[in-house]
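My questions all concern the structure below.
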Amino acid sequence: MTARNYIDVYETYDRFAEGKKVSEKEWDYTIIPRNAQMMKERYEIDFGRTILPTDQDLVDRLFIAGVDMLITTGIFNPDLGTALSIEEDEIYEGLKMAPKKLKLGRGKDKCSCKARRGNTLRKPVIQGGPTGAPVSEGIFTQMIESYAQEPTVDTIVSGVLNTVDGHPASTNTPWEIKATMAEVRYNREATRRAGRPGMCI
Amino acid sequence: MDMSGLNMLAGWHGAGDIIMIEQMPIMGGYTGGPEETAICDVAATIASFALFNCDIHLDGPIHIRWGTTTTRETLQVAAHTAMALDYNTDLLLGNQYYTLAGPCTEMCLLETAAQALVDTASGRELLSGVASSKGTVQDKTTPMEARIMGEASMAACGMSIPEINRIVDNIVSRYEGNYLHPPTGKRFQECYNIHDLVPSDEYLETYDSALRILSDCGIDF
Amino acid sequence: MTGLNMLAGWTTVGDMIMIEQMPIFGGYTGGIEETAICDVATTLGSFACFSGNFHLDGPIHIRWGVTTAKETLQVAAYAAAAIDQNTDLLLANQYYPMAGPCTEMCLLETAAQAIVDTASGRELLSGSAAAKGVVQDKTTGMEARIMGVASEATCGMKISDVNEILNKLVPSYECNYTNAPAGKTFQECYDVKTVKPTKEYLEVYDKAVAQLKDFGLDIKH
Amino acid sequence: MAATRALTIPDVYDRFVKGKKVSVEEWDYKITPGNLTALKEKYNIKFEPDQIVPEDKDLCNRLFQAGLEMLVTTGYYNQDLGRVMHVTEEEVWEGIRKTPTKLEFGENKDKARFYPRHGNSNVKPVIQGGPTGSPISEDVFVQVMQSYAQEGIVDTIVNGVMTTIEGHPAKTKTPYEIRATMAELRAVKEARVRAARPGMGV
């Protein structure tokens, strides 16, 4: 049945609110494994040894299996203890809303992220950085600057400050907020030092 | 998806921010084997766009035993998932890098290069790395890993899938025997000059020898 | 912890921070004097412990749920005077009258609190949540007008003269607490399209101003 | 002993974490009322029934001391952690000194000055008009806010609460609350523009 509209985050909430009650245990140990297994058999998904698939039909079957998995299983919200459900057409409406290209960063340091469709000659965006790994406060800026100065790196992914002003940045405390905002400032400082102030972080 | 996630999304969505959703399925966890994990990865990636209105999805299938993204199975999950979505949609797909070995080691560079070849060839739009030493050890990440990620990716662009498969299979076989005793590598301070921010000679030599190995495996850049 | 964490963010980026704290007269803190002591303590704490830039008070009556009762006016006045005389801190107060819009009682309650807050040295008056701030659409711009006009007229007056007015004004409406006029919704006492108060409300307003003049408040225009 | 510095938010958090464990009942029913009654007697705080606004300066100063002592002796309670933190008197004064005393609300010609008045000074306080958090129907929200913005005496705006957003109840802790709040901000902006005072503080 044609979808009325794509599902925005508000509609998603409503679906969770009206969703079927499910225990987290049942979701993790029964529903997910069983449905994933069922989809594998239903669509005969078998990868064999090759890392990259070369069988076009297998790839398409995998896509449909994913869609079917989403429709059959839904998504679980541990806070509300419910699972939402979504129709196939609604999924495709949602995918149409997704952007095809994005501009990351500002000014001359901006880079564009466009759908590549296959192994085209256009290289993907290279996002360099500690990728969330912990970094000492004393060298944080230098660490990020060393990525920003790499020509192959287009955008920055930050590391994590373990301490701020020498104080542990434990989660869910004001120290974490202070540390995160320091990270943002140090990232900006690093991109400026590397002469690429408009780099996306 | 929990309520704080939903509420933050609501704010960003309302303000028109660029939203990236990161979701890293664990291969060998609840979702079981590579195929089932890939199916769930496809489903969850689609949901990130269709249900949670993100603009770009950051994947990162991780091995339950090794905690890395560069094992054969997790590369397989990432590749199949990416191509399933890439063939059927224009969605913007990213992937993350968690290597077992630490910086200033050939293994770390080979792991990174292998994943870069796979992600690039499977049509992904963004590569985000590198969390060397599994992203858990303080100061054990350097930009040399990001450099090889970028250069390997550029080299892979346009190559055929079977060819990439042969090369990657070759590269992976060079390091998958060391999972129990991976080289821990060096901290940033030990393989970079902090003041003028340049890699040490040792790291440059390690980088060059990694390039030689990659060349033996069939890829030059 | 949510409050603390939000404050952490605001203080770091230098936002202007208002901390609102409304003691309940007749609750845990007990009587008038105790509630005032507690109000002073928490107002100081809002600046000293929580980096507030100004404090929004609002002592509220446990039985009536309003700020315009005599006891809560007293708590607000004494607490403000105590802090005003000893610091340069910026103090604000909030308005929750019992009666609804388009009634003399509502305007007189609001004026009474405006007189108290102005005379006791507060720097900002924030109102007004008519009909106790709990009824849909029962607040209009006219209550804010009387709040401002009464405040303006109070500026510079001797405190003893102010008290004389209040001792006539406050009892004039306190006797109606059990059957306070519900008043009208915004839609009923404003022309929604032109956003102009109805003739009826203007007449009610004029009567209230006349009443205030009778009590001795020198409202010029 | 002199204070090391005015307390920052992280400092306060650290004090809460190391603070004494206290049950909320004990805090509400014993500690707060008990300390207040004791201080009331200690400082002989007695209000005159016919003086809504105090005329006795000494009484005000005694009340200030009582409040300060209440803060220092009782401290603050954190319900999430179930612990009490304490602050010294010197730290309180440091905090007071650090607090800005000259603020400005709004922009350009609609700016309102928010400076200390001290006593019943001739300078009137900032008049902040608005529903003060009262629930307002979505379809008249702009008009209600405009009715405040167009009042000459009103200097800044205090918001009302949009009870529904596009017909959906704006339930707290849900995405609809976020959507409604952002809609309120846009509506208040529209109201200020309609009242030809776009720069008013909100």
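Note that the chains take the letters A, B, C and D in the order they are written out, and that residue 1 is the start of every chain.
To be clear about the criterion, a contact is a pair of C-beta atoms (placed from the backbone, for glycine too) under 8 Å apart; a residue touches a chain by one contact, two chains touch by 3 or more.
Bear in mind that the values here come from a model prediction, so they are computed numbers and not experimental data.
Student: Going by C-alpha centroids, which chain is farthest from subunit A? Tell me that one.
Tutor: C
Student: Pick out whichever of the two, C-D or A-D, is joined by more C-beta pairs in contact.
Tutor: Ranking A-D and C-D by C-beta contacts puts C-D first.
Student: How many angstrom between the C-alpha centroids of subunit D and subunit A?
Tutor: 39
Student: Using CA atom averages as chain centres, what separation in Å is found between subunit B and subunit C?
Tutor: 60
Student: Starting from the mean Cα coordinates of subunit C and subunit D, work out the distance between those two points in Å.
Tutor: That gives a centre separation of 13 Å.
Student: Centre to centre, by mean C-alpha position, how many angstrom separate subunit B and subunit D?
Tutor: Once rounded, the distance between the two centres reads 49 Å.
Student: Among the residues of subunit D, which are close enough to touch at least two other chains?
Tutor: Counting only residues that touch two or more other chains, subunit D contributes 9-10, 12-13, 174-176, 179.
Student: Enumerate the residues of subunit C that touch no fewer than two other chains.
Tutor: Counting only residues that touch two or more other chains, subunit C contributes 1, 4, 7-8.
Student: Could you pull out the residues of subunit A that touch at least 2 other chains?
Tutor: Subunit A, residues with two or more chain partners: 9-10, 12-13, 173-175, 178.
Student: Determine which chains touch and list them pairwise.
Tutor: Result for touching pairs of chains: A-B, A-C, A-D, B-D, C-D.
Student: Which part of subunit B faces subunit A closely enough to touch in the complex?
Tutor: Those in contact with subunit A are residues 1-4, 6, 9-10, 13, 18, 30-32, 34-47, 49-56, 72, 75-76, 79-81, 83-92, 94, 96-98, 118-133, 135-143, 146-147, 149-151, 153-154, 156-162, 164-165, 168-169, 172, 188-189, 192, 194, 197.
Student: Going by the contact rule set out above, which residues of subunit A touch subunit D in the complex?
Tutor: 9-10, 12-13, 17, 167, 173-175, 178
Student: Give the list of subunit B residues in touch with subunit D in this complex.
Tutor: 3, 6-7, 9-11, 14-15
Student: Provide the residue numbers of subunit C that touch subunit D in the complex, in ascending order.
Tutor: These residues of subunit C touch subunit D: 1, 4, 7-8, 11, 16, 28-34, 36-45, 47-54, 70, 73-74, 77-79, 81-90, 92, 94-96, 116-131, 133-145, 147-149, 151-152, 154-160, 162-163, 166-167, 170, 186-187, 190, 192, 195, 197.
Student: Show me the residue ranges of subunit D that touch subunit A in the complex, using the header's touch definition.
Tutor: Touch residues, subunit D against subunit A: 9-10, 12-13, 168, 174-176, 179.
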